[in-house]
Structure formats: C-alpha cells, structure tokens
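Okay, here's the structure, questions in a sec.
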Amino acid sequence: MLRRLTYFVVACCLVVPLVLSACTGEEEANVIKVGVIGPMQFVQGEHHWYGATMAAEEINAAGGVMIGDEAYTIELIKTDSNEILNPADAASAMEQLITVDGAHFAVGGFRTEGVFAMQEVAMDNKTIFLGCGAATEELCTRVAEDYDRYKYWFRVTPFSNVNLVSNSLLTLGLAGGIMQKGLGLPGPLKVAIVAEKATWADAMVAAYQQYIPAMLKMEVAGVWRPSNTATDVTAELTAIEDSGAHLILTVLSGPVGIPFARQLGELEIPAASVGINVEAQKDGFWEATDGYGNFETTLNTYAEGLAITEKTVPFFNKFMERFGQTPTYNAGTYDALYVLKEAIERADSLDADAVVSALEKTDTTTTAGRVVFMGKDTKTPHDVTYGPGYVTGIATQWQDGEMKAVWPNLGVGEWEGITYEGVVMWQIPDRVIKAYTGQ
Amino acid sequence: MIKAGASGYGEESYPFRRDVWSRPPVLESIIVQGLIRGGVYALLAVGFSLIFGVARMINLAHTCFYMLAAYAIYYLANRLGLSPALSVIPALVATTLIGVGTYKVFIDRVREHHVTVLLITLALAMVFQESMVLAFSSEPLGAPSFVSGYWQVAGVKVSYKELLTFGTAVVVLIGVWALLTHTRLGIAIRATAQDSEVANLMGINVSRVLLVTMGIAAALAAIAGIVVAPMWSVEPRMWTHPLVMVMAIVVLGGLGSVKGSFIGAFVLAFVEVLVVFIRPEFAFLRGPVALLVMVVILLFRPEGLFGVAFEEERL
Amino acid sequence: MFRRVLRDFQGDVLAIPGRLIALVFLVVLLIIPAATSQPFVLRTLIFANVFVIFAVSWDLLSGYTGQLNFGHALFFGVAAYTSALLNLRLGLAPWATIPIGALAGVTAGLVVCLPALRLRGPYLSLVTLAFPLILLGIVITFTDFTGGEYGVSGLDRISSSRTADYYVSLAVALASVMIMWKLTDAKSGLVRTGIVFHAIREDEIAARASGINTIMYKLLAFAIAGFFAGIAGALHAHFLRIAGPSNLDLTLSFQAIIWTVFGGITSIYGPVVGVYVLYPLMEFVLRDIAEYRFLVFAGIVVAMLLFMPEGIAVWIRDKMERECPRCKLPNMAFRKTCRACDTRLY
C-alpha cells in the first residue's frame, strides 16, 4: 500500500513540468503595459527594445500618458519572439505576452512569417499591434479584406515593400547617372540583379526586370539568386563580371550581404552595387567585410548627421550615445510609442476600439518623417503613407568607414526636388574608376 | 574615342575597360571555383572519413571544429589584435585540443552504441553552436585576411586568399596521404580501420590510434576553418551546410575510403559551381542538387564510388 | 462481469507501477483543461500531443526495424503541405484534409523506402537525411504553388475553441499511440508485425532465412510510420493554421530522434515520455532563461546519453519493475515473489 502511494507520488511529480502555470500578473493601477516583441538575440530585436526604452523613459519622465485627469506610466515587457529561427515560437511568445503577461499593446516584429503568425494571435485577442519591421504588403491588405478582425494592426515602419522597388530604382538611377556622367560611359548601362532566394524578393525581381529597361533605359545583364545564408558568392560575382555589368542591384536581407560586399571589393569587380543590403545597414558591416565593403550602398532609415525632421538628429545622437550603435529602422519603436501615446490621449481611453479610431487619425512628425496611416478605402489600410512630404526613407553609402546618406539628393537623379539636410554626394567606387580609366 | 565628362577625370580620351574579353571565360571560372570549393570540402571530408574508417563513428560535430577554428581566428585577430599569421597556430592547437578532449570525455565511453554516438555528437554540436551564439552573438562576422589582392589568370580573377586556400588544402592533403602510407602511425591507422581486433592482436594500441585519428581529423577541420574564416563569413550556423555536404561527399565516395572522399569532394563541389553558373537563378539550389546527385549515385552503386561492398579496401 | 473487469484492472494495471503511472498521467491530461484556463498551457500541450505521434512513429520505424531515419520530417512536412494546400486551394475541411495528408505521408514513406531497401546502416541514414532537404529546395523553387518560405497560411481551425482543439489532439494521440503500440507488440497474438520488426532489426538475414518477406515488412514499416507522422504533420498545420518550410527542417527530424532516445528507443512509451518531459520543459521552464534555452537542452541530452543511454523511461521502469524469470509477468521491483506463479524474484 505504501509502495502504491509512492508510485502515485512519483507519477504526480512526472507531471510537474506540465502543470506549471505562470502567475497572472495583478492589475497595477495606472500602468500601460506595452510588449516589445522581436528577435532579441539579433540586432533587430535589440533595436526594437532600445528604441522603445528610450521613448518610454522620455514619455514617463515628461509626465506619462494622460487619460482623463490621470497620468499613466508606460511599462515595457521585453519578449523574445525567436522569429528568425522559428516563426512558430513567435506565435507562442505573442500569446504569452498577451494572455500571461497582460500586455495592452504590442510593438515590434521583424521576419514576415513570424509577423503573420503574431498578427493572428494579436487579432484573436483584439490587441493593438504596431509593426516595426516587416515590410510585406499583405500584412496590410488583410486589413482591407477583413477590417473588423485586422483593424488592430498598424504598421509604423518600414513602409510597404512595394515602395522599396521605387526607392531602389531611384537610387539606381542616381548612381547610374553619376557613373555615366563621371566616366563618360556610352550607351545603355547594364545592371546585374543579385537577389537572395526569398519570396519577398521574387516580386521585386519581376518588377525590376520590367521597369529597369522601361523607366531607366538600362539593360538587365542577368539575375542571380543566391541563398540568403550563402557564405560564398565568388562564383556569382565572377559570372557577373563576365557579363559586363556596370551596376549591381541588390535585394539582400540575409547574412549573404556580408560575403557579397566583401568579395565584391576584394575581387575588385568593376560594378557599383546599390539596392537593399540589410547587413550594410549595421555598424558591424565595416569590420565584417574587413573594409572591403566600402562604397556599398543600401536603402536605409537613419544616418549620422541626417536631419529628416527636427526629431531625427536628437534621436540619433541620443541613441548613439547611449547604445553605441547606429539605429536601424527597427528602432522605429521609438516613433511607435509616441504615435501610440498620442492616440491614447486622443481617444482618452485604453479601450482597443477607441484607440484604433484615434490611431487612424494620426498625423504627426516622427524621426522618419510625417506619419499618416492609409485609410480604410485604400488597398493597404493602416500602412504608413509613403512619398514626398511623408516618409520616404533614404539610401546610405559606406564612405571610408562611415555610413553617409546619399539619397534623396539634388542634381543627377533628383526626385521631385526632395532632399534632407546631411545628404552627401554618392561616390563611384574606386575599383570601378580603376577599371574604366586605368587609374 | 570618348571624351571624358566634366567631373574632373581628365580631359584625354580613354578606351573601354581594359579587361573586357570577347567571350566571357565561363569554363575557366567554373574550373577555378570548383577547385577551390573542392579543396575546402576535401579537407573536411577526409577528416570525417578517417574517423568513420577507424572508429566506425559518424561524428556530427565534425564541422563544428571548422566553425570553432573560424571563431578562434576571428577572436584572436579582431578582439585580441594579433596579426592573422600569428593567430593560426593558437587557433589550430586550441581546436585540435577541443576535438580530442571532446572525444575522450564524451564519445569514447559510448563508442559501441552507434545511435548514442550520433546523438551525443549532435547534442555536442548544438552545445558548441549555442556557446558561440552566447559568446559572439548570432550576427555574421568577418576575420581579416592573411593576404589581400587577386591574380588574374585566363580571364578569371582569383583572390590570393582563394589560392591560399587551395594551396593549403593540397599541401595538407598530400601530407595526410604521406602520413597514411609512409609512416608507422599511418599504417597503424589503416590497420585499425581494416580490422581493429586483429590490429589489437598485432600489438597496435587501438585506443591511442583512435585518439590520434580524432586529433588529425579535428586538425584538418580546423585548417579548413582557418582558411575559410577570412574568405567567407563566420556565424554560429556555418557548420550545418558543410556537414550535409560532407556527409553527401563521404557517402558518394564510399564510407571509409579516403581516396573516395577526396574525389567525391571535388565532384560535388563542381556540381555546386555548375548550378550557379548554368542556372544562376537557381543558385540557392546548389545544396539540394548535390544531395540529389548523391541519392541517384547510391541508387545505382550503393557502396559509393570507391567503397567496396565487402569493405575490405580502404585506401 | 463488472467485478471481473475491476479485478483484471487491479491485477494488470494497478499492480504494475509503469502502467499505473501511465494511467494517472492520462487522467491528469484529461482533466488539465479544468485546472487551468491559460490558453498558453493548452497550446503547448496540444503541440506536445502532436509531437508524441510524430516521435512514436519514428520509434516504430527506426527503433523497431533498425533503419535509422534521419529525415523523418519529410513525412511530417509532406502531409502538412498537402493538407494545407487542399484546405486553402480546394476548400476541403480539416477532417478530410488530415487523412489525405496522412496518405501523402504514406506515399512519401514508400518513396523513401525504395532506395532504403538497397542500403544499410549509415548509408541509409544519410539518404533519408537528403530527402527532406531536396524537397525543401523544390518547395522554395516553386514559390507560387507552395508559398515559398512564407508557407501556406490562413488554414481552417480544427474546432472552435482551444479546449476542444486540445481534446481532439489528445484523442488522436491516444488512438495513434495505441495502434502503434499494438503493431509493435512482440507478444501480440493479433498481428505479427511486432515480432517481425524485432527480427528484422536483430538479424535480417536470419529473418529472411526463416521465410519472412522482409521487403514487404520494411515497406509496411515505412508506410505506417509515414501515415502517423503524416497525421502529426497535418494536425500541426491545422492547429497552427500555417504549413511552412520549418515543417521539413533538419532540426525537426533530429528532435524526433532526441525525444525518442531520451525516453528510450524501441519502446513505445519511451518517445511518449521523452516528448512530454522535454517539450514542455523547453516551452515553459526554459523560456525564462531564453538565451540559454538550447544550451541547457543540449546539455541535458548529453548528460542523459552519457549516464542513461537506454533512455530515461526505460531506466526508471527497470528500477520499478522486474520480470518474473519463470512466467515472464512484470512485477513491482520490491516484491519478493511473483504475484502469479509465486517464484522468487531476485
């Protein structure tokens, strides 16, 4: 009998890992819980956290968020979604954030598949989720398809990937124009497209193949699709050189961006590279490419000395001083928190539906530009509006160890007369000059 | 003749790019790229094959030594500021010691159970990977080059680094071949691989041979990691693709056959490079295509190219 | 008659500690939704149930027939994608897509079996490793059809509430494990498969010499394993509402192996224990130390392999039960004599 009892106890002990329910946090008075959810092991998640922390501290120090007559403090909850490695984890993390940790709002997200999964969970729970990382258009077209379910989703940064095509083509035009004029190149320029094999890049590649000849009057020399985790692209680069391309248009977000830039420089491939290279947005790029990543140009959001609005430089400097890194666009959680604060104050309540209506009326200046969310009648409601006078993004080029903003600029390749304080001239890479002039 | 533009590059006219050829040198590029990749894969595959031949062990953590050596070079050169040339020996020694130590502590006692060995090496690989993530973060890193610059041959640009890699691979592999065929240790290794019981009876200290073989294999993987670190990128997951390729190579060549692994390495490396050149839009498929080649060959010749069905001959 | 059942129950279940624990565990699983309303806990358990089916199917194939499958995720992924595409493109309901997905898993199993018939040992393992990776390449190539690396999303739910989902997963897991247990039970009078699988693993040539058509049984093993791994895959897709490339991942294949070997290979309860201990551990306990999660997990696996290579469930069971040398009945370890034939237990 005693033995049977012992075995019963053992059985119950085996069950302990299962029945571990976390304690539900008590509701504290006058606290707004905002979950910051992202891949915290990677720089994107880190910057989600840094940007949000800076904003929360500033807001709380300035008196917090006013609802009625009461001041509420913002409490941030750091959540690792692990979405880069496993999107399914992201869904569980979001669920835990909302149901166990009791978050009222969520900001963050990076990898598209992870954000789709997190979006579903947030919508299930009618929790407002401000995206600060995934550019996929479909995240917002869902709002149009099923407004009542998806209305709690808003995207603060980046703008839709559809606009990335425009920016890339504009940068390509700028670079091509400067090269053609500077080196006196005759005839149409040849462009090699290097796009990592990923779904987000597929649509862009198709668009480039159509618009590069039609709009820029350049030729497409070929399309190369390395894997986004490839560590060696010398084969691709050699083939690109063989094709006679003058420019390379990149669509790279994965680690391949580093060996690409490095091998490009080491082998002195006589083509200039512009487009999207997410690795080139990070400070560690210079060291990782051993300096050979010089002249690499990529679309970006922030750069030293760049003043898009009056908020940009103070934000940039404070971020740099406190964290020692250039902010990536994921640090737009800073803007997201201010947008949220204003919306809560406008709605004068924490009720999700009221805040949604208030968010839809957003028209404010952030570090990245003027943020207005697209309306219900558009194709992508709740997406951040793109274009001159709103949010345009920039392009940066590595020049001697520093990331400088080079687009939008005036002169060759000008775009509707837009430029910002702190933008400098794009430089033709030395290796290209050497190949074409022998110097 | 073309007039220069007004941007200040000189008023004289200048010709087109000096190095534009009338026919793009695709074949030469393929050959060069194939040889270089093949060299790296051969270094890894030969070590893997040695361990299998001698200890009948599939070491899933083998390419982790490749990764550890790459991180060691990064750490010594970038964080401690040593010159790349000086960092080679410490990186090599440290990694080899870790390899031998891991074997002694974890693997030796479970050597008899094949499934256990597979799993424990897999778990150890995860431990190594996560340790690197904790120590260096998941971001890709780059080690500084030993040599910079490139050489132009037959219209193909080969960086000196790539030449160094290939040269190192050739020299080291010749050294391994010489070791295996002309030294007493080499003969002991081959004897143990053929029949460890009889070798034991003949007076060969089998466990010492196993230890030494493990050290050689780890050293080979480390050399591969050292030459690759400045060439490709260093990140915590860099060991998975080479592991899959190495397993495909070793199976293709015939498990236990060093000659088979050597040749298999170049065969699959060329397959990879061909995919990139012939169908660049399918460049990302180079891994799966190489694996498909392996499966097809195994369907027609299950023991691999050089493995003999009765597993008698190994070298 | 009821009294007879009760007495059988007392003799066959309560007296044997292993089975008693299993019964208690089952009861706990059944009443958990009443004890906690946390959707997160239920979500984790749902996936644990799904992975139990997956791990047990691996054990059936690799543990029992000795053909170590390193690409078990192939069956899981094929079924997940099949049921997802049927649901999304053709609008079939989950109760239809899941069985069809499982049949797709069977097909995949037979496809893998064909080269596997010619190969042995490590060659077989490495070929099985290659298949999901090759399929992954195909999936990424035909992005329009398969959704590329985003996968196929927006699938129908299985039922309208988390709790109902949980009971569905538990019921399917229970049924699957029972069936697979019966199929591999060497002592069964009903089906021969159990003892034949053991024979194939131990000495295939001897089995052939005894007149067993080993080729047919190997195909059967792959088919059964493919079927149940397929059930797991299709269920997973419908619970998560998305099927993607991570369903074909190398790590998923390795997880099945780790769970099974942790619990105890070649025993159906081994993988069950392995999944129910390790999976919630990763999700609940280790979430608090997020960066060290995988390191701790790997460390536990290494320690277990060094000190308890036969698996934790088997080790515990050996401590708790002893087989009577004469009548082969399992008994509690502390007993001095067998409960049936009264022989001394040593």
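So that you can tell them apart, the chains are marked A, B and C in the order they are listed, and the count of residues begins at 1 in each.
Just so we're on the same page, a contact is a pair of C-beta atoms (placed from the backbone, for glycine too) under 8 Å apart; a residue touches a chain by one contact, two chains touch by 3 or more.
What you see is a predicted model, and the numbers here were worked out from it, not measured in a lab.
Taken as a graph of touching chains, this assembly is complete, with every chain in contact with every other.
When the interfaces A-B and A-C are ranked by how many C-beta pairs touch across them, A-B comes first.
Rounded to a whole number, the gap between the C-alpha centres of chain A and chain B is 35 angstrom.
Centre to centre, using the average C-alpha position, chain A and chain C are separated by 40 Å. Residue positions of chain B touching 2 or more other chains: 133, 282, 284, 287. In chain A, the residues that reach two or more other chains under the touch definition are 41, 197. With touch defined as above, residues shared between interfaces to two or more other chains in chain C number as follows: 140, 291. Across the complex, chain C is touched by residues 3-4, 7-8, 10-12, 14-15, 17-22, 40-41, 80, 82, 86-88, 91-92, 95-96, 99-100, 112-113, 116-117, 120, 197-199, 202 of chain A. Taken together, the chain A residues at the contact with chain B in this complex read 41-43, 84, 181-184, 186, 196-197, 222-232, 234-236, 238-239, 241-244, 255, 258-259, 262-263, 266-270, 279, 282, 284, 287-290, 433, 435-439. Those residues of chain B lying in contact with chain A across their complex are 2-7, 9-10, 14, 16-21, 24-26, 29-30, 32-33, 36-37, 78, 133, 137-145, 148, 150, 156-157, 159, 161-162, 228, 230-233, 235, 237-238, 241, 273, 276-277, 280-284, 286-287. By the touch criterion given at the top, residues 52, 58, 106, 109-110, 113-116, 118-120, 122-124, 126-127, 129-131, 133-134, 240, 244, 247-248, 251, 255, 282, 284-285, 287-289, 291-292, 294-295, 298-299, 302-304 of chain B touch chain C in their complex.
Contacts from chain C toward chain A in the complex involve residues 14, 17, 20-21, 24-25, 28-29, 32, 35-36, 38-41, 43-45, 140, 143, 147-151, 153, 240-242, 244, 246, 273, 276-277, 280-281, 283-285, 287, 290-291, 320, 332, 334.
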